[in-house]
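Common to both upcoming complexes is subunit A, partnered first by subunit B, then by subunit C.
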Partner chain A sequence: MMQDFRSQIDGKRPDWLGIGVVGLVLAGVGVLIVNIFVNMQAAGMTPGYGFLAQTAGFDLSESLIPYTAGDSYGRVIVAGLLNTILLAVVSLMLATFVGVMMGLVSVTPSPAGRMVATLYVELFRNLPKILVLLVLYVLAVRGLPPSREALSLGPVYLSNRSIYIPTIVPDAGQVWLLAPLAASALAAVWWVRRARRIKAATGRESPVAIIVIALLLCVPLGFALLADVPLEISAPSFERFDYEGGARLSVQFLVVMLTLGLYHGAQIAEVVRGGILAVPSGQVEGALALGLSRGHVTRFVVLPQVLRIVIPPMINQFVNLIKNTSIAIAVGYSDLMSVSGTIINQTFRPLEMMLVTMGLYLGLSLIASTLMNRLNDTLRSRGARRGS
Partner chain B sequence: MTIFKTLISLSTSAIAIAVGIAPATAGPVMDDIKAKGSLVCLVSPTAPGFSVPDSKGVFQGFNADFCRMAAAAILGDASKADIRGVGFSDSMKTIVAGEAHMGSRSITRTGTRDADEGLAFVATTFFDGQGFMVPSALGVSHALELDGASVCAEDGSTTLLNIADWFGAKGMSYRVENIADKTARLEAFFSGKCDVYASDVTALSADRQLASAPGDYIILPEIISNEPLTLVARPDQAFEAALFWSFQVMLNADSHGVTSANIDAIVADLGQQSPTVQRMFGADAATTDMAAKLGLPNDWAYQVIKQVGSYGEVFDRHLGTDTPFGLDRAKTPNAHAADGGLMYPFPIR
Partner chain C sequence: MIPASPPPARQNDVWQRWAGTPVTALISALSAAFAIWAAWAVLDWAVLSATLPHRPMQACAETDGACWRFYVEKSRFMLFGTYPYAEHWRPALVSLLLLALSGIVGLRITGRLRVIGPRVLVALWILVIPLAFALMGGGWAGLAPVDMSRWNGLPVLLILSVIAIALAFPLGVMLAVLRYQDRWPVLRRAATVYIEAVRGVPMVTVLFVGVFVLPLTLPPDTRISPVLATLIALVFFHASYFAEDVRGGLQSLPDTQAEAAHSLGLNWGQAMRLVLLPQALSRSLPALVNSVIGAYKDTSLVVVLGIHDLTSTARMAFSEPGWGQYALEAYAFVGIWFLLSCAFLSWVGRELHRGQSGRNH
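Moving on, here comes the complex of A and B:
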C-alpha cells in the first residue's frame, strides 16, 4: 500500500484528481472574495481597518489592562482577547484536573466511585453547555447574597457580584522584597537538577517535593516575618453600592470557568478512562511480578503509556474549550466575542471585524495545539529513548 | 402603467389649473390610497403594547392605532387600514419601494434617516429614551445618585455607549454588566447583582412586569438618550399633511377633554364648546376648509376622534396605568405640553 502512494506522489503521472479539487476550492474562494469587494463597493463601502483607531465608547465588565470607554477599538479588542485567554487557561487547568481525577475514579475497583464518575460524565456530556451555563449562573446569582449582605470569610468577601480579595498595594521601592522568592526558586531548580543527577549516576532517590515546597514557601515567609517591612494592604470595604479596594473576581467569570471545567472535564474523563483501559493488563501484572510497588507500577508503567495515548484526543478537547469560551457572552463576561459583537453593531463593519475575530481564535487554537504537539513529540522521543 | 397614471394625473391637474378649481387629485400617494380603498401601514410584528396581533390576527396597540387614525381621516373608516407586521429594515425598504403607504413602528427620527429622499418623517407619536430602573429599596430617586453603581445592559447594544457617555459626562464611575442573554440579565437585576437596569423606558416598563413584585421597582426620571418615535410616510405633501393634522386633532382633543366616548354629545352641543373645539368639529369649520384642500372627507376630524380617540385615550388604552405596561403618561415626556410634556398641540384654524 505504502509503495503505491509513494509512486503516485513521486509523479509517474500527474494527480489530476488532487489538482482538480484544489483548483476548484481556490477558484471558489477567489470568486467569493472578488464578489465581496465588488458588492461592498457597489454599496459604497470601502473595506479597511482605519476604524480600529477610533474611540470605542463602551465599557467592559472587567479588563486585565487599564481600559476606559475613551480608548480605541484596537485596545478594546486586546482587552477582550486577554479576557478570553485568561478564561481559557484557567478553565483548561480546571477541566484537566477534574477530568483526570474523574477518569482515575472511573477505573477504580470501588463501585461507588465508578458510579459517581459515570453519573458525572453522563450528566455533563449530554447537556448543552449554554444550558449548563445559564442554570449555574441563575443558581449563583440567586443563591449568593447581594453585595450589601456579602458573606465574610475573614478579609475576603463573597457576593453574587464578585469575590473581593485584599491585595498588597504595589510599591516600586519594595520590589527588592521579591529577591528572596527568586533566590529560593533558583535553589529549588538547582535541587531538582541535583536529584536527577544523583538518580542517573547512582539510582538513589532523593526527596524532591518536600524540599521544593519548603524552599518556595518557608524562605520568603520567614524573610517577610524577619524583615518586618510595612506592606500597604488594600482591603475591600463596602461603599455606597459595592465593595471598593482590593481585587475582585467576578461571579460571571467563575460561573463560565466552572461550566467549561465541568463540561470539558466530563469529556476528558472519558479520554483518560479510555487511555488507562488501553494499557494491556498483562503489563501491570508483569510489573507487579517484577516486584514493583503499586505506586511505581502506576507511575513508571501505566502513566507514561496513558499520556501518549491521551494527548492527541486532549488537543481536540483543549481547542474545543478555547472556542467554547465564547459562550461567556451570554452572562456578561467581556470576552473577545462580546467585544467583537459590540464593535460590529457600532461600526457596521461586520466583514472586517469577523475576519479579525476569526484570526484571533484561529491563532489561539493553533498555538494551543502546537504546544500540545510538542509535548506529544517530547513524550514519544523520551519513550523511544527508554526503549518502550 | 406608471407613465399612464402620471399622464392622467398630469392632464387632470392641467385641466384643473386651466379651469381654476382646487385639484381633485391631491398627490400620488393620496390618490393611490383612495383608488385602492385601503391604506397599507407597516407595524412591528411583535411589540407588546405597540403592535401585537390579536386572536383574529388583527394588529392591536399604540402604533397600530395611528394606522387606523390615517384610514379614518382619509377613507372615513378606521377598519380600512391594512396593518401589516414587517421587520425593521424590511419596512423601510418596503415604504421606499412603494409597496406600503406609511409606517407606524417605533422608528427613531434621525438626521441621516430623514436625509433619505424615499422617506418622509411626519409626526412624533412617542418620545422614548433610555432610562434607568432601580429597586425602590435602594433608596435612590435620581440617576445622579448612582455614582459607583453596577449597571445591567444588553450586550452589543447602543445602550452600552449611552451609559458610558452619560456617566463619563457626569464624572461618575460605574460598573457595567453587559449580559447578552435576557433571562440572565433580568435574573441578575432582580437578584441584586446589578443595582440598575438600563434600557429604553418602554422596555423597562415591559420588563418590570416580569418581576415577582413589579411594585418594588421604580424607573428614575432621567432620560439619557432621545428616541423620538415618528410616523413615516411615502413622500406626498397632501398625505403628509393629512397625517400630521390628524395627529394634531388627536392632541387638540386631548387638551379639551374630547374623547371617542363623549364626542357625539359634544358635537350635539357645539354652541357651548370652546372656539378650538368648534373649529375642529363644526359643520363650516377650519377642518372643512382643510378637507377641501387636502382631498379628505368633510368630517375627517370627527371620524378620527370617534373611531380612534384622543391621544391620551390611545396612550392610556395600550400603555397606561390600567395596562400591564403601567406607564403613567404624566411622568413621561409624552405628557401634554400644559403638564410639562412635549405633546404640544398645533392650532387648527
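Moving on, here comes the complex of A and C:
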C-alpha cells in the first residue's frame, strides 16, 4: 500500500479532489441519461419497467417453468434466468470432470497420455470459445441424424434437433418421500459424527462413504416400494411426428454445454496440473519413507495440499464459466442473454433490459463467488483445526 | 575437467513409462488410440479425401473431404468481406500495420529490439491508430470513402482487438493506480466499484450496452456506427481486467520502495511515475499478456452483434445458397489464424516468465 505521509501528518481532510472528479463523471453520466430521456421521448416512449407486464409473444425452445408465448416479459426473463442457471450447473460439472481427468492424465508417466493432454489444453486455450461453439454446432446439426432416425443410447435418444431423456413423472404422492429422506439424512449425519468420534478416541477407521450412500439411497427407495409411492418413469418413444414422453433438451443446450465443458475443462486441467506439480516431491518421498501406502500418500499427503492450491483458481474458473454461459446467444439457446436480446429487439428498451440483465448476471456471479469462498474458508479452518 | 558420464539407460525405462502400472497402461492405450484416430481423421479430411485447389468447385460436391478450391474462391472474401474489391489494398495495409506494431510491442517487452524506446512506441501507436481509421474510411487524398458498415473481416478483428487493447491499457493503469492509492479515498472507492462491477458481468452484456444503449445516450441526430460503439465498449471492458493485473504488480512491491522514494524528496506523482509504476508494470507483464490473449480471443464474440469480424465473414462465406457444405473449411481458416496469432502471444508470455524467474532467483 502506498502510504500518503502528508495526510498522516495533517490529519484527515475531506477528499475534495476525489469528490470533484467523481462529481464530474457523474455529471457526465447525467447528461447521457438526459439524452436517453430526450431520445426515448422523441420516439414516444418513457423509460420505465411497465413493459415487463406486457405479453411477450415469442416462444422459447425450452423452459424449466411452464411458459407460453402469451406470458409476460417478466416471466420470460425468469425462464431465461433459470435456463442460464441450469446450463451453468451442468457445464460446471462437465468442465470439472473433464478438467480433473485431463489434469491427472497430464501428470501420468505415460508419454501418449501427456501428449494428448497437452494437445487438448493448447488447442482450447488458443481458440476463441465462440469459434468452438460454432464448429460444434455445425458438426451437431450436420452429423446427427434427423429425429425420425435418432441415435439411441439406451433410453436416451439423440437427434440433430433435440436430445430426449427419460424422467420420473411428477406426482403429488412423491412428497411423502421427503420423510424417509430426512430420516436417513439425519441417520447419515449421526453416523459420520460417530465415525469421527471413534477415530478421535481410538484411531480406528469405520466405513463412512458406503453407509451414507446406502442410507440415502436404500431407505427412500425401500419406502417407495413398500408404501407404493408412484414413481412412474416416462421414457421417450417415437410417435407419429416426434418423440413423446420424457424430457427434451435442445441440441443448442447440448452444444453450449459441451463447448463450456471443453473450454473450461482445458483451463481447469492446467490448474489441476499446476496444483499437483506444486506439491514438493519430498512430501511424497517422506510419506513413503514413513511407510504409508501409495493410496494413503495420495489421500492424506498429496490431496490436501493440492486442494489448498487448486480451490481459489477453481472458484475463479466457476465464476468465469457462469459469465461465459452468455455465449449461448450465438446459437439461440434461450438463456438470460438471448432472451433479453430478443426483448430489446421487440420493445426497443435497451437501457432498462441491460440494467436488469447485467444486474442478474452480477448477482449470479456474486452469489456463486460468495458461496464458494465461504465453503473454501470452512474447509480451510477445518483443515487448520485438524492440523493438516 | 571431464564431465561426469550420464548414468546408464535402464532397460525397462520405456516400458515403465508407458505401462508401469495397469492404470498407466490403460491411459497409454486409450490416448494412443485417440491420438491415432484424431490424426487419421484430420489427415483424411485435409489431404486424403480432399479435393485439390486446381479442381473446379463441382468436384468438391462428390467427396466428404476438405475442398481446397473453397480457399481459392473465398479467402479474399473471408479476409476483407464486402469492402470494395478494388480497394482491398487498404484493409490489407491496415492489417499489416496493426500486426507489425503488435509484433514490435511483443518483441520489445521480451527484451528484443532495444533500439525502439518506449517513447517511440507510444508515438507509433498515436500515429498508427488514426492512420488505420483514415485508411479504412478514406475520403481524403483521392481515397474513395468507405462506410463503416462495409468494414469487414480481418481488419475489423484487428481494430477491435489491437486498438481496443492499446486504448484500454492506459485507462487500466490509471484505474489500477486509483484503486491502489489511499490519498484520495473517494477516487479509490469509485475505481473499486467500477472495476468490480465490470468484472462481474459477461462481455456480451457490455457489448450490448455499447451497441444498443450508447447510441441512445448521444444527442438527437447524432449517429455512431456499431463498430465504433463496440470499440468504445471493449475499451471500458478490457480496462478493468488490465487494472487488476497492474494492481497485482503494484501490491507485490515492498512498502520500502514508496518510503524510500518519499525520503528522497519525491512527491506522490514523481514516486508513482518514476519508482513504483515502472517496477509494477514489469512485474505484471505476464498477467497482462494472459489478459491480452483472453481479450484478443473474446473479440470474436462481436459476431452476436452482427459486426463482421473474421469469424463472421467466415460464416458469411458459407451462408450463401450452395456454399453451405463448406462450413468446416471456413471455420478451419479462422481457427488456424487464431492458433498462429495466439502462438505468438503465448510465446511472448513464456519468454516473460523465463525472464522473470531468471531475474528473481
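Following the convention adopted for this analysis, the second predicted complex is superposed on the first by the 275 of 388 C-alpha atoms of A that agree within 3 Å, B and C clash if a C-alpha of one lies under 4 Å from a C-alpha of the other, contacts with A are read in each partner's own complex, and residues count from 1 in each chain.
Note that in this section a residue touches a chain if its C-beta (ideal position, glycine included) is under 8 Å from a C-beta of that chain, and two chains touch if they have at least 3 such contacts.
Everything numeric in this text was worked out from a predicted model, so none of it was measured.
In the superposed pair of complexes, A:351 makes contact with subunit C only, with no contact to subunit B. Measured by the number of subunit A residues touched, the leading partner among subunit B and subunit C is C. Of the two partner chains, subunit B is the only one that A:342 touches; subunit C does not reach it. Applying the stated contact rule after C-alpha superposition, one finds that A:332 touches subunit B and leaves subunit C untouched. In the overlay built on the shared chain, the residue A:134 is in contact with subunit B and with subunit C.
When the two complexes are overlaid on their common chain A, residue A:147 makes contact with subunit B while staying clear of subunit C.
Where the contact sets of subunit A with subunit B and with subunit C meet, they give residues 134, 138, 142, 329-330, 341, 344. Residues 16-20, 23-25, 27-28, 30-32, 34-35, 180-188, 190, 197, 200-205, 208-209, 212-213, 216-220, 250-251, 255, 258-259, 262, 268, 271-272, 276, 297-301, 303-304, 311, 315, 327-328, 331, 334-335, 338-339, 342-343, 346 of subunit C are the ones touching subunit A in the complex. Listing the residues of subunit A that touch subunit C in their complex gives 1-5, 7, 15, 17-19, 21-22, 25, 32-33, 35-36, 38-40, 42, 105, 108-113, 115-117, 119, 123, 125-131, 134-135, 138-139, 142, 323-327, 329-330, 337, 340-341, 344, 350-351, 354, 357-358, 361-362, 365-366. Interface residues of subunit A facing subunit B in the complex, by the touch rule stated above, are 57-61, 69-70, 134, 137-138, 141-142, 146-147, 160-161, 239-242, 244, 251-252, 329-332, 334, 338, 341-342, 344-346.
Across the complex, subunit A is touched by residues 146-150, 152, 155-158, 160-161, 163-165, 168, 174-181, 183-185, 187-188, 191-195 of subunit B.
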